[in-house]
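First the structure, then my questions, so here it is.
To keep things simple, chains are lettered A, B, C and D as they appear, and every chain counts its residues starting from 1.
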Amino acid sequence: MGDTVDLDQFSDWMRRYAGVIHDNAPLLTELDSAIGDADHGSNMDRGMTAVVDALDVGEFTSPADLFKKVGMTLVSSVGGASGPLYGTFFLRFGGKLGAGPVDAEGLGVALHAGVDGIVQRGKAAVGDKTMLDAWVPAVEAYDAAASSGVGAALTAAAEAAAQGRDSATPLVAHRGRASYLGERSAGHQDPGATSTVLLLETAAETLG
Amino acid sequence: MGDTVDLDQFSDWMRRYAGVIHDNAPLLTELDSAIGDADHGSNMDRGMTAVVDALDVGEFTSPADLFKKVGMTLVSSVGGASGPLYGTFFLRFGGKLGAGPVDAEGLGVALHAGVDGIVQRGKAAVGDKTMLDAWVPAVEAYDAAASSGVGAALTAAAEAAAQGRDSATPLVAHRGRASYLGERSAGHQDPGATSTVLLLETAAETLG
Amino acid sequence: MKKLINDPADVVAEALVGMEAAHGDRLRIDYEHKVIYRKDAPRQGKVGLISGGGSGHEPLHGGYVGPGMLDAACCGEVFTSPVPDQLLAATTEVDGGAGVLHIVKNYTGDVMNFEMAAELAAAESAVEVRSVVVDDDVAVQDSLYTAGRRGVGTTVILEKLVGAAAESGRSLDEVAALADRVNAAGRSMGLALTSCTVPAAGKPTFELGEDEMELGIGIHGEPGRKRVPLASAREAAQLLVDPILTDLPYGTGDSVIAMVNGMGGTPLIELYLMYGEVHRLLEQAGIGIARCLVGNYITSLEMAGCSVTLVKADDEFVDLWDAPVNTPGLRWGA
Amino acid sequence: MKKLINDPADVVAEALVGMEAAHGDRLRIDYEHKVIYRKDAPRQGKVGLISGGGSGHEPLHGGYVGPGMLDAACCGEVFTSPVPDQLLAATTEVDGGAGVLHIVKNYTGDVMNFEMAAELAAAESAVEVRSVVVDDDVAVQDSLYTAGRRGVGTTVILEKLVGAAAESGRSLDEVAALADRVNAAGRSMGLALTSCTVPAAGKPTFELGEDEMELGIGIHGEPGRKRVPLASAREAAQLLVDPILTDLPYGTGDSVIAMVNGMGGTPLIELYLMYGEVHRLLEQAGIGIARCLVGNYITSLEMAGCSVTLVKADDEFVDLWDAPVNTPGLRWGA
């Protein structure tokens, strides 16, 4: 299929995600309380609020512009582990987008670049019980479904992310704060994987 | 009546009181928690334990001797308000006792001297919601019943002390830590008046 | 009860072991009497300064023993004043021929035990003893017919100022007069967000709802003058500063030494936030802050809450404040 | 949640207002970037020292800014590492031509944010930047395949020692090498008796029964390695000291700088009691204590509990320790 995603849809994605994060901040903080330091919800909420503020005042002529701003804003406002990771994701993601609308293939390239950025920045791998356990199966599922169009590919990605998130729950963490808990981290859902699933679900709703 | 109290009985009084205080320490501390600093039980228990230790090792030839030791021991081991007050009581009380057994009249003189000591040391008056609210009516009742003998007089004193303690409960404290609470001290039973009632009840049991 | 202790009966004695292990270069301990001494006490010709009181207020008083501050601190049981024997032993020990000042916080028990010690010192030794009774807590109504105001935060500032004066060689008369002036110039007010647990009691002294706080507390884990709804830092600062400012002796143009003191369980980040609020209120009232302290200086075990102390300070007080001090709890210029 | 705050979102910014009000003579604040500067930074020719991390650990790091210690502290949100912008601003500001050392506690977030700042500094400025990543927490198993050990108590001692070295004019190479040596010589272990509440979260991070404690905690209110029955001070000291002693690099005859650190809600009397226990255990192990700290130095908001840090100290370390320092949180010789 030849469907594409344009600047307005990307912008809508970010605004909708900000609302989703705000609504889910207590859940994310609750998850982070069990195996972290009880701030993932407030971190992401602070970051996405700053993103919306930036979108409100900024003028963006291309998706590349938009996501550069999103990435920089997250890096500059979130802190913690998730700030550099999500920030790097959007900076790299935007770096692969051009000035005009993007098709399913182009979006896939951008997603890959973003996830590679997370790996480079955080040096984690699948199975370490981090957001990568959602991201990596998500991009694989996206690739497999890309020929069916953006909507179908993103839906597949979001579902795979959710499965990845859940499959990481029984694991013992090796990266991030949860790793300090050792065996006690097993059985808890990872907060960053959870916010990743929300991001991809929102993408499927807004970009599809 | 011509009954008298001898050294052994006095000594027995102190030992029995130590046991009563130990059993009632949680109650006294509980009362002191409401309007004070939660230590009257442990203060009195520490003091009377020290008194029993002193009686165990000491040789006493007269009630005067015995109560000098009791008073000094309380002063040296209790601290807080109750240490100087009970200590002074026993020092003055013992100061009025001679070498031999004492009769009801002599015991009354000693009690008066002890209570005068509390007043001098603590500068409180009846109605200030302190141990004096138990002591003052107690010595008055003792005086009125003294002609019926030690046992009857001490029983009357203990009963009057209990009434005095209870009549102080609705009052607002003017002395001691409870005074810092102002109006909030009303409705609470005074810990020091409570330990005084126990002392006189034990006296009625052991000296009568 | 969750505490890092062994037997509740041994808390004070075992904490002294730690004090000596940590500060044996500067302090020595008389374990029999539970007295913390400045290592080089007595200092010939210097007025000896002794304070003491119940334990559980650390760093007060033991943390303020050392050059420029106290010569000895007598440690009572938790929240229980020391006994005369302790105070007498310390009085005799620190006298360097110039007499001894007793710094007493105004609580019935403290006053009586210090009084008995002074009587014994007069009877048994030639040491000249004076006392200052600190009574700076504006939460308590003062009157001839009551026990009067409690001694709280001003004690810290008084021990510093009087310590500097004694160190500089002032006479007992001068040191005692200065102590009275500092006390007269100091006012405090405190609040609690939680209670605390006396080790021997084993449970919190009082219970407080999630949306309540106690206003007008002292330093013994006791309930305050009244229970009020939990307030913001801004409102809380007003509740503490207002009753101080309406009390004598502060006014526009005056300068103070200010302390925002934690009760033991409130983190420093909150104390600094409170200090910002207090600073703003004093600025509005036209009162300058010459010097300040922010932290846990006179505590009530692990109670959450804070107190504000203001001591009106002229140049003499500021100079005494700036003089070197070298104690575990306060140190500068040394 | 019972805290002396206004809006949870403003806690860090408002605490900075209090810091400046209290210490404006020595510190200045960049409110935009939430950086606390030594007032006279940059110092020409001196290596600039920057640390930073989440807030809620006070006095770390802001309380350690001043002569003889840090040039700047970058304050993140509570328990959240600062962002690269803050770190970059501070890096540029404190450079006095001799380069800048970043003192980073080993947490994924802190490491990544400092890394990004260093990358930006390299790209955008001529400032030479080095980093030391403190990872001293023996509660955490170290391995190539994990995030490694956390940075905890050794950070305090490292900031003091490295601060003295920078003050004395050592080069960036020397200062960075010293920082690595201090980190290599330091080990810590902590326990918690209670949880704490992140203001934005509004409730305690975890729940703990009356008869339980968390062993092997960090400084972010997080649960520890395991939940164990509440222990006496004596047993608790053993639980903290043993895993340190069995780890490198201590042995009989060695000397250490020791810290018994409160997590924020434990009263000083308990910390001294614990210090007595730790001192006894080290004596038994034949380890001498050259210098020590007892108190709240690196905290986790109002958490009750404590940690033990030992840094093996040779004469050089002891001399650096004794050098003058003048910060709100540590002060001597000045």
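The working rule: a contact is a pair of C-beta atoms (placed from the backbone, for glycine too) under 8 Å apart; a residue touches a chain by one contact, two chains touch by 3 or more.
Note that the coordinates shown come from a computational prediction; the quantities given were computed from them, not determined experimentally.
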So which chains are sitting against subunit B and subunit C at once? none
Chain whose Cα centroid lies at the greatest distance from that of subunit C: A
Whole-Å distance, subunit A centre to subunit B centre, using C-alpha means? 74
Can you work out the whole-Å distance between the CA centroids of subunit B and subunit D? 54
CA centroid of subunit A to CA centroid of subunit D, Å: 32
Going by the contact rule already set, what residues in subunit D reach two or more other chains? 78
With touch defined as at the top, which chains are paired up in contact here? A-D, B-C, C-D
Residues of subunit D touching subunit A in the complex: 54, 76-85, 107-109, 112-113, 115-116, 137, 139-141, 145-147, 150, 198, 200-201, 205-206, 218, 220-226
Subunit C - residues contacting subunit D, complex: 2-6, 11-12, 14-19, 21-22, 55-56, 58-59, 63, 78, 193-194, 210, 213, 230, 232-234, 236, 260, 264-277, 279, 289, 292, 294, 296, 299, 301-302, 304-306, 326, 328, 331-334
List of subunit B residues in touch with subunit C within their complex: 29, 33-39, 41-43, 46, 75-85, 121-122, 174-177, 179-182, 184
